[in-house]
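Chain IDs A, B, C and D follow the sequence of writing; residue 1 opens each chain.
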Amino acid sequence: MRAPGGKDGLVAGDVLLAVDNVSLSFGGVKAITEVSFDIRKGEIRAIIGPNGAGKTSMLNVINGFYHPQQGRITYKGATRQKMRPYVAASQGISRTFQNVALFKGMSTLDNIMAGRTLKMQGSFFWQLFRHGPAMREEIEHRRKVEEIIDFLEIQAIRKTPVGKLPYGLQKRVELGRALAMEPDLLLLDEPMAGMNLEEKEDMSRFILDVNNQYGTTIALIEHDIGVVMDLSDRIVVLEYGRKIADGTPDQVKSDQKVIDAYLGVSH
Amino acid sequence: MAAAASTRDDTFPKLLGRNARDRGARPAIRHKDFGIWQTWTWAEVHGLCRAYAAALHELGLQPGETIAIVGTNRPRLYWSMMAAQMLGAIPVPVYSDSVAEEMAYVLAHADVKLAAVEDQEQVDKLLSISERIPNLRHILYDEERGLRDYDHTRLHHIERLLARGAETLRADPAAAAALDASIAAGKGADLGVILYTSGTTGRPKGVMLTYDNVLISARNGCAFDRLDETEETIAYLPLAWVGDHIFSYAQSLVAGFCVNCPESPDTVVEDRREIGTTYAFAPPRVYENLLTLTMVRMEDAAPLKRRMFHYFLDVAKRVGEPILNGESVSLTDRLLYGLGEALVYGPLKNRFGFSRIKVAYTAGEAIGPEIFRFFRSLGINLKQLYGQTEAAVYVTMQPDGEIRADTVGRPAPEVEVRIADNGEVMFRSPGVFQAYYKDPEATAKTKTADGWVHSGDAGFFDATGHLKIIDRAKDVGKMRDGSLFPPKYVENKLKFYSNIKEAVAFGDGQDSVSCFINIDLTAVGNWAERNGIVYASYQELAGHPQVYDMIARHVDEVNRSLAVEPMMGGAQIKRFLILHKELDADDGELTRTQKVRRGFIAERYAPLVTALYDGSPEADIRTEVTFEDGRKGVIAARVKIRDCATYPVAAPAPAMENAA
Amino acid sequence: MFYREAGQYKTSYAADMAIFPIRQDRIGIAVILLIAFVIIPVFGNQFFLSSVMIPTLVFSLAAIGLNILTGYTGLISLGTAAFMGVGAYACYKLTSWFPGVNILVWIIASGFVSAGVGALFGLPSLRIKGFYLVVATLAAQFFLQWCFVRIPWLVNYNTSGAIEVPERTLFGVVITGANATPTARYLVLLSVVAALTWFASNLVHGRVGRAWMAVRDMDIAAELMGIRLLTTKLLAFAVSSFYCGVAGALMVFLWYGSAEPEVFVINQSFLVLFMVIIGGLGSLIGSFMGAALIYMLPIVLRMLPAALGLPIASATVEHLQFIIVGALIIVFLIAEPHGLARLWQTGKQKLRIWPFPY
Amino acid sequence: MNILYALFVDPWVQMGQAPDLLVQTLWEGLVSGVLYALIALGFVLIFKASGVFNFAQGIMVVFSALTLVGLHEMGVPAFLALGLAVAVMFVLAVAVERVVLRPLVNQPDIILFMATFGITYVLIGLGELIFGGNPKRMIADELYLPKGAIDLKILGGFVSLQKIDIAAAVIAAVMIAALAFFFQKTRIGRALRAVADSHKAALSVGISLNQIWAIVWFTAGIVALVTGIMWGARSEVSFSLQVIALKALPVLILGGFTSVPGAIVGGLIIGIGEKLGEFYWGPLVGGGIESWLAYGIALAFLLFRPQGLFGEKIIERI
């Protein structure tokens, strides 16, 4: 779809998104405390940490679902006090969810098609007739969607209602839906949660391929440390909403605070 | 005489040219890709292949050089063959699922200069063995996915080659002319393709077939069933297998019909249904699976529907085949059958994707008679043929109206067949291969100076002049009294019963035949449930007297059917036992392709074999087994043995044997 | 059983995305249209046309309207009747201002008026969800109802306080008012309904429909995918109200002939909601089935005693009818919560995989 | 200009000029508010325990009152009739749980919502079939409910309080107190509260969900009966009550679907609000605004506190 470099004029290595001193709390309960880190274009960035470390909240802040009480977010050079979901989406941030958030009533195809809504601007009038421009647009986007379906090897379930699919496949469809937005920054919330080894391997392969084929920057939360170490270029470690480490897998692996944090949790 | 007719368009490239001229706008090939059936007309294919050829020429592919084709059935791989042939080069399709080691041998032996492959997986495989095939200059791939970062000095995306070739042809008339010249230069006698026979026995051998070999056979095949440009067929069998080369490549070119490539190997069934093939080929197991699936599903259907279903199946059993064979059937039966067509047969064929079927073939191994009849009774013109790579497929075929479950038909057009005194089938035809590539002594062993080929199969012509294959020639033994003992033939007769999963027959050098039997757990299990028989384990079920009774009945039927066959009557089963465990590839009792290893089993279960012949009513056996998790264990059992009645051997084959 | 899909392969996306990709379905639709447009007008008697077909069609259209809102977008509304009313009154005003202009134009135009009002009352839907939204729509229901009663201007100060439908013609044929034949009214109505149904199915199968369903199934995910919740919901309200408005206008002009405000009371809203639920949420065909069932059931029930020769007072029948309808609704919800449409779907699926059970 | 004056100044002036009228209006509002609150209470009980949005609460009010009056008409002594009415409500509760809730467990809310519509229809049909459709007089005297009015001389005018209204207010207060006690102190009550939080918790108390639902519907039935009596005594027992009962919805919006105090406060706000509105602003637009004002108030309110008066802010998680 798009080669690395992208329409935003950034080249691999530039800072795509920077979170600066962000704090978030719900009625006194602190979810995130003064966290800062950045995500560079073209990298796979992992956010790890024990349960309740505020990982998901972090993603929610990044794509504007939660609004931090303090701190700034710089995305593609523009600095904001908070993101707005629509802005985030229309500027190329897409994501998947911890527990699959697909549109249960729709087929795999429609789910991924729905992912392209932002890119479809055809007039309502033609929609009424499902002809002319509307149909042309529909077909053009169907092509793109089919590329994704092919890419994720889910041809066989193209027209199956997602509700009927096994969990592993649902996760894959959700990834497809996120890809349909042709994101510059892809947020994956525990893409391999509850998967067996084989499914995990597939998913890892897809993530790497996405990153390699489309040059998409990826930020992912994952519990399976092994997977994270293999996949990611750099890792942020959160604990109780605070950043305790940040760096390459090797640096993080050898970081005492991290080791403690992980020995601290149920192991 | 077909050979005469073939002088004008006697090579694949010429035929492609002809099709582009005569039926340029008709679909030549489809591929379910990106959700729809992408279609190319003959004219388009012609253009693309020429462009491809031009590009291959630029990559330095010389006449007489070989190019490997590795992957599943996809248009661009078929085009790779065509493009190579346009340059007078020889395509060598390879089984894409073969392991690197095996592939390395074949590619090295064929000394391929180029390889056209499907995707990253195959590219990796080739790169991993690249030092074994030093002469491999370039690898061309169809699917770019994952190959972006590979070093592209020797890698080429076929898509781009096509574009580049088209550019060359446009820019440089000389190149176009040269290409035309090389196409025109091709002759029927030229080597067209090298097909490696899968190495179940020893090293794979490269069967060299000329254009004439393939095309004459293909023509005869088309003529035999009056195939024309309106056929639709699904290409899903390995490219390296001669069948696919004939059915999906040669015959498509000869008759000008459209070949459809499935979306992926696991969507073949749906894709077949969507296309609604008119000309189909499948090994027996495919039909078997369809039938089992049908019956299993109908078990869960509502009682009324189920009764209706079976009622009409009986009707079909009674009158279906006669109607198909155009024999006279009473009006009421015709009406009933018509009703059945509306209620059952039509829908079934629709589910199978056979609604529009003109003729369907099965071959490779024996097909169960009731399976065979089931499909025919639905009005599907299912036929058997007997073929070999060395014969460019056709040796014998079943002409309409003479279809039988238990024979493989009469010699195909232009094919001579005779039975050697050791019972081996030999044939001679225009389709007979030239030689095994770089293997003169193997060639000498197989092909006589005057062009007769040893099929390696034992068989005989029955009273009606139809050929029956009984076994691999080398496996056919003789019993003390000198009568033939074809183990596989007996075993297959047994295995036709769904209750019997495997059978191992003994008798070579003995004075009677006896056998081991493996019951089919699912089938017998269901049966047991229905009859309220409780069992805790396979072993217990296998030992159950009622199960023995049931199997004994099957054996008895087998004996009767053997008795009426003059040459086989001697091989009736005297004693049998039901093994206490399933034969298992993990224990080396079966080959990985699920064929029984008779010798190994004979010694592993020696006590049982002796017991079979010393007349004892039962025997003890301890066997070491390997469980799924790889642990070893020992199973001990006392196995009962049953005696069976045998029947006097009849003289010539009576009419009741006719399935048709 | 009737399906022969083998050989129906698609070589283009257009064909693959067709609303009826299976040939047998296309044939089926053609047959239905033939019956509706030819057979029924020719053979159906006046009673059947004016007391069964016309009302059913009107309600079907209203049901489609509500289904777009509730079934496709997941927003429950009890204001349907009010929006129908808006359509009716708007159409009445427009046609009495410009008698010259073809009534069909005004019927459609009134739909737009209703759409506007609907969108207005849809505004709260961004902040509030579920049953809270029900109340918002109830506000619309009661407020508008109140307007119909209290604003005589709406009925041109008729002393009756009711809409009295003037006579209007189409191609010289009288289609509204006392002198319009049931056949004429039926055909006009049918054409409008058919056309609007086609539009609706185009919408729900396209980008708009997907956005609606996305909001219905998982609004958060939809929002984070850049689907604007407010616009999507408002659009649903507008389109929904458009259909209800047109339905209302048609109801008064092609069916009742005159209408008091009581026509648009909340019970009417309930009725349509029943139709949608019983018919099947998120299904156009279901809207028709639901309308047919819910509207015809009472008719049948009313006729039944007479037909069976049972001596039951009409009042009693009336009461029994309530009980039976209520009971049926419960039974139906228990038996098939997804409505007639689901039954239809499963039936069709069974035919497709026939003779197999699955 | 005038219109603005009429809207924003004049009403207040009037209130100032005739405070006794204001008090009278407030009282009227208070009483109808109490009744709204009672109906809303029924909703809340059921919604809390079974998550069902019980549309039938309104008809339950009518039906219970009809049963009472109807039975008495058939010659049953008043208090026996009262007892029987309670029994009927019990049967109804059990029936609803058996026939409707149990088979529909785990269905989406809207389905259960629709089911209560079904119940409504059935009850309407039954009511009319058995007791006839025409309005009836509530047997207030037979139940020794007070009649007449007390006239208070205050603020230079006088305010007239119907005794029945006072009774209504008192009884309502008593019943709410009783309910509160029931919920706080009794085992079943605690179970019910548990259900509202989590169904598992309820089971741990050792009462099956089905029982709990039956009990809750029964309680709601009793609330309905009381409401019916009070309302009937003030005006009459007729099916029109059923639509008025919808007024409970805006009350719920204000109070939140799960908060008993919310229901009460909400009821009062709505009652007083709409009476004031009708009395001082209604005339400007030709009156009758009572029919929708309540909804208007609720709606306006919702836009600022989507979670209602007493509900806590919802944090959406993904």
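Heads up, the rule we're going with is that contacts are C-beta pairs under 8 Å (C-beta built on N, C-alpha and C of every residue); 3 or more make two chains touch, one makes a residue touch a chain.
Quantities reported herein were computed from a predicted structural model and do not represent experimental measurements.
A centroid comparison over C-alpha atoms places B as the chain most distant from subunit C. Between the interfaces A-B and C-D, more contacting C-beta pairs are found at C-D.
Once the centre of each chain is set as its mean CA position, subunit A and subunit B turn out to be 47 Å apart.
Centroids built from CA atoms put subunit D at 33 Å from subunit C. A straight line joining the Cα centres of subunit B and subunit C is 58 Å long.
Annotation for subunit D: residues 316, 318 touch two or more other chains.
Residue positions 13, 220-221, 224 of subunit C each touch two or more of the other chains. Annotation for subunit A: residues 65, 97, 101, 142-143 touch two or more other chains.
Taken together, the subunit B residues at the contact with subunit C in this complex read 30, 35-39, 232, 273-276, 294, 297-298, 300-302, 305, 309, 342-344, 346-356. Of all residues in subunit A, those touching subunit B in their complex are 109, 142-143, 146-147, 149-151, 153, 155-156, 158, 209, 212-213. Taken in their complex, subunit C has these residues touching subunit A: 13-14, 17, 19, 199, 202-203, 205-208, 210-211, 213-214, 216-218, 220-228, 235, 282.
On subunit D, the positions that touch subunit C within their shared complex are 53, 99-100, 103-104, 107-111, 113-115, 117-126, 128-129, 133, 243, 246, 249-250, 252-253, 257, 285-289, 291-292, 295-296, 298-299, 302-303, 306, 316, 318. Every residue of subunit C that touches subunit D in the complex is listed here, in rising order: 70, 76, 124, 127-132, 134-136, 138-139, 142-143, 145-146, 149-150, 220-221, 224, 266, 270, 273-274, 277, 281, 315-316, 318-330, 333-334, 337.
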